[in-house]
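By written order: A, B, C and D. Residues from 1 in each chain.
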Amino acid sequence: MNSPIELQPDETFILNVGPQHPATHGVLRVKMEMSGEYIVQAETVIGYIHRMHEKMGEIKTYPQFLMNLSRMDYLGALGYSHGHVLLIEKASAIEVPERAEYIRAITVEMNRIASHLFWFGAFVMDLGGFSPLMYALQDREHILDILERVTGSRLTYCYYRFGGLYNDVDDEFVSATRRFIPRMRKSLKKYHKLVTGNIIFRKRLEGIAPLSQEMCRKYGASSAVARGSGINFDVRKNEPYSVYPEFDFDVPVFHECDSLARYNVRMEEMEQSLRIIEQGLDKLPDGPIMPVKKPKLIKPPAGDYYQAVETARGSFGIRLVSDGGKSPYRLKLRSPTYSNMHLFDEACRGMLITDALAFMGSLDLVIPEIDR
Amino acid sequence: MSLTLLNVIVAVVIAIGFAALNAAYLVWAERRGAARIQRRPGPNINGPFGLLQPPLDGIKLMAKQLTIPGGADKVLFVAAPVLAMFPAIMSFVTIPFSETIVAKNMNVGVLMIFAFASMGGMSLVFAGWSSRNKYAMMSSVRAVSQAVAYEIPMLITTITVVMIAGSMDLMEIVRQQSGSILNWNILPIFGTSHNILMPMSFLIFFTCTLAETNRAPFDLGEAESELVAGFHTEYGSMGFGLFFMGEYANIVIGSCLTTILFLGGWNAPLPFLSFIPGVFWFLLKLYMLIATFIWIRWTFPRTTIYGLLNLSWKILIPLSLFNLLFTAGLMKVF
Amino acid sequence: MILEKTKLALQNLFPASEPNEVPTKEAGEEQDKKIPEEPRQNGVLERNYAVHGYHLDAQVAPDQLLDAITILDEAKYFIESITGVDWIKENQLEVIYDFARYDFDLCRVVIRTRVDRKKPVVPTITGIYAGANWHERETHDFFGIKFEGHPHLIPLLLPEDADYHPLLKDFKA
Amino acid sequence: MVTYFSEIYHGLISLFVGMGITFKEFFKPTVTVSYPYETLTMCDRYRGHIELIEDEEGKPNCVVCGLCERACPSNCISLAGEKPEGEKKKVLTKYILDFTTCSLCGSCVESCNFNALTFSKEYNLASTRKEDFIFDLLKRLEDRNK
């Protein structure tokens, strides 16, 4: 009889999780050195769908690059576009009408909820529960329907323009969004009852994968990964941009540092986003959605510009080095999950594979966004 | 003599047919049920309500090539799926569906079913070991510890019932619960047991059945988000189909046993309803239990391997031992 | 304020050049435009946050890099990203380190260092910030900048046998 | 000891609560659309591939200015025109959309100043051949008018 698995002399073996593994949500690969079910060491291998967005940024003109941003993170696309337009508007001193900024904030928050809903479903599916994914997708469908009526597409919105928006929202959008808010609140209650309170679910997450604040800092973690470790960091509050200072909302922070804390942060964030949407609809001013003098040719003056925004996945930074030309001299995209995923190698040492994959789910990975 | 032999053969054939039919259509029921829970229609294209889906799936699986991974242990690799199906079918032989419908009643029926149930674990080990796949190997190691951990509370709980009935004969156990719903073993005080802890034993037994049949939330063997597909990662074609059917056949056996031990077997819940044949009541209870299995699977996330072992060793085994002692004490007193 | 503290600490790296930097800071806008034309002296600049999106801009020599990063580490900054810029006209490669803070004391710091295009070698900062690992590997992929002392400098985003550096300005696909 | 039992109790309760929710969902109507048998109409702003707009005479509005070609980030539009004798305007002779590289951003429609381009509402596009996605929009326009 031949031996199916040849153990290394030191009784560890290499387990190749990915690039085609159900828990990695895409083409991510983790080489794990295992001792039984325990991980001795892990090395994350990324880059399977690297598309070199930064080079495209250098080749294309500023408006042509607009649609690339929504290809980075297909779940929370609007947040990334928001960062891009804010940066170019800042660099070339374009005034944005107030109505446009409000609509941007509302749609970004809607997109954030949609993204978190998908994460919620996928996360519970990582833990083996399938039905919550379907419930989450039902609610997400509503958001996508609303956004589709406005932007014209369901996933890769190319909605923001330098100076404003692609087209205006109508009353139907406002009323549909208003109808959505109570519905979503009800659904969140259902999710809490079905999933958050569930003893199996809690047992799987409580105390799993503690991340210290120091570790978050060394790796530059943001979003729920940092906030679940007791770091009160949200770019919308720390470094207010757009019309966010006008809104009254809280940044949920949990101090348990474990996977459950990260879960709780995101669930709470959905409630807060609903609050922002509600206020935004109340305050939505009338007016144009593009500046009176529509910027024709975008040529930011030479220099170095940086803009950070809080997307659904964390602090997204975009750096523009301009030489005054029609296209950027250098465009750097700092994607939040890149830093969050980087934590994994160090944090998962000594963990069971079950817990490590649950931890990976709690990081909220979108692989195209890591690979760019 | 020859008549009895013929009887047995016919009964065995019927048992196999019943098991296979159930396994096939439970897949359909599960898919429809899951879809309803998730507010989808489920399979509804092939035939009315999608009822032709299972045979078509079967044909598709049979038409596929059975690939054996390089370096795999061929004999065990092929034997494992058969071994998964075989014990489940054999167990049907001794299950009484009513007073008369039973292939071969034995006075140690309980023992026989448990003997075959233990063999089910072997097939997982064989499959995992012979596949030459690390995920499958890890899964089979899990399967062993799971089987060991859950057979103990299951057996202890069964001993409690056997103690009350004073027999290992399944028919005898059912007969003692006849009369009305009040005599069923699941009920505290009133039942034949006069034992206040009986609902708890039912829960323990039911949980163990879930774990023994590798059903969610205890499906750690195949845990698709961790181990890809666990022990049957390398199986395709009918090898996979047999594992699949074996799983459902095991569910039927587990539910049959639960019905017989706790829910009064073929007895009608109320005496005046006993004009309806016993087999109807038996199947009703059986399918309600199976529906619960499906319902649970589509509600809960999966436990972890240590969560599963903790549940068994820290909660189920102490409770079932206490239950056993308590029942023994009660029987001594009354 | 952390801004002043960090600035002072960073300025201590350049004892001689400090007086020169004071006027640039006050001049603000007009100075910025000249930067691409004339090579900038090493030193600390305070930038207009509303325009540029960051507060402090320090250009250091490669051998001062670790000192500068240590100052930021001690002041509890977190690492945002590391990237490069190819200044082909000046025959130089620039490495840019972005840092920000978790608390409400808003201060974004940019550390830059310039190396020769022919021999692009900078010390690694993975010893100070473990999270710099992937960022440095990515910068190595795209620009071919070698981070001396990096524990695992193999391609990250590019294929493992990639021997080209796509973000260099003279790269032809 | 108390925590041990209270944990078991609360755990069990939480399981039953969860089962209650899925039980309720079981009886709710389905929400899905069984796609090939029933389809949804696309909303007004839906961005499909582009299509030429015709004037009253059935001729395209396009004046072959080439703005769309230049605005396109992925170079998927190629068009040509000629100026017939005695006419002031150029006439479109070729408009090819390479849909395989199109990213549906809508830059072309936005850049058009002559109301010559619009989004189609077509989304049932599937083929095993790459050539099927190189659309000749002029031909499509003629086919539409037949």
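A few points about this structure:
Definition applied: a residue touches a chain if its C-beta (ideal position, glycine included) is under 8 Å from a C-beta of that chain, and two chains touch if they have at least 3 such contacts.
In this text, all values refer to a predicted model and were calculated from it rather than measured experimentally.
Between chain C and chain D, the least number of touch steps comes to 2.
Two chains share more touching C-beta pairs than any other pair, namely A-C.
Using CA-based centroids throughout, the chain positioned farthest away from chain D is B.
With centres set at the average Cα position, the gap from chain B to chain C is 64 Å. For this pair, chain A with chain B, the centres built from the Cα atoms lie 43 Å apart. Our note on geometry: chain A versus chain D, Cα centroid distance of 24 Å, whole angstroms. Chain A and chain C have Cα centroids separated by 26 Å. The multi-chain contact residues of chain B, meaning those touching 2 or more other chains, are 37-40, 298-300.
Contact of a single residue of chain D with at least two other chains is seen at positions 15, 18, 21-22, 25, 31.
For chain C, residues touching at least two other chains: there are none. All chain pairs that count as touching, in label order, are A-B, A-C, A-D, B-D.
Within the complex formed with chain B, the residues of chain D that make contact are 8, 15, 18-19, 21-23, 25-26, 28-32, 34. Note for the complex: chain C touches chain A at residues 32-33, 35-36, 50-54, 57, 76-81, 83, 85-86, 96, 98, 100-104, 106, 108, 110, 129-131, 133-134, 142, 155-159, 166-167. The touching residues of chain A, when paired with chain C in their complex, are 46-47, 50, 52, 54-55, 58, 87, 90-91, 216-221, 226, 231-233, 237-239, 301-308, 315, 317, 319, 321, 323, 329-330, 332, 334, 338-339, 342-343, 346, 371-372.
Listing the residues of chain A that touch chain B in their complex gives 1-2, 4-5, 13, 15, 21-23, 34, 36-37, 124-131, 134-135, 138, 194-195, 198, 200-201, 203-204, 352-355, 357. Interface residues of chain B, counted against chain D in their complex, comprise 33, 35-41, 44, 295-296, 298-300, 315.
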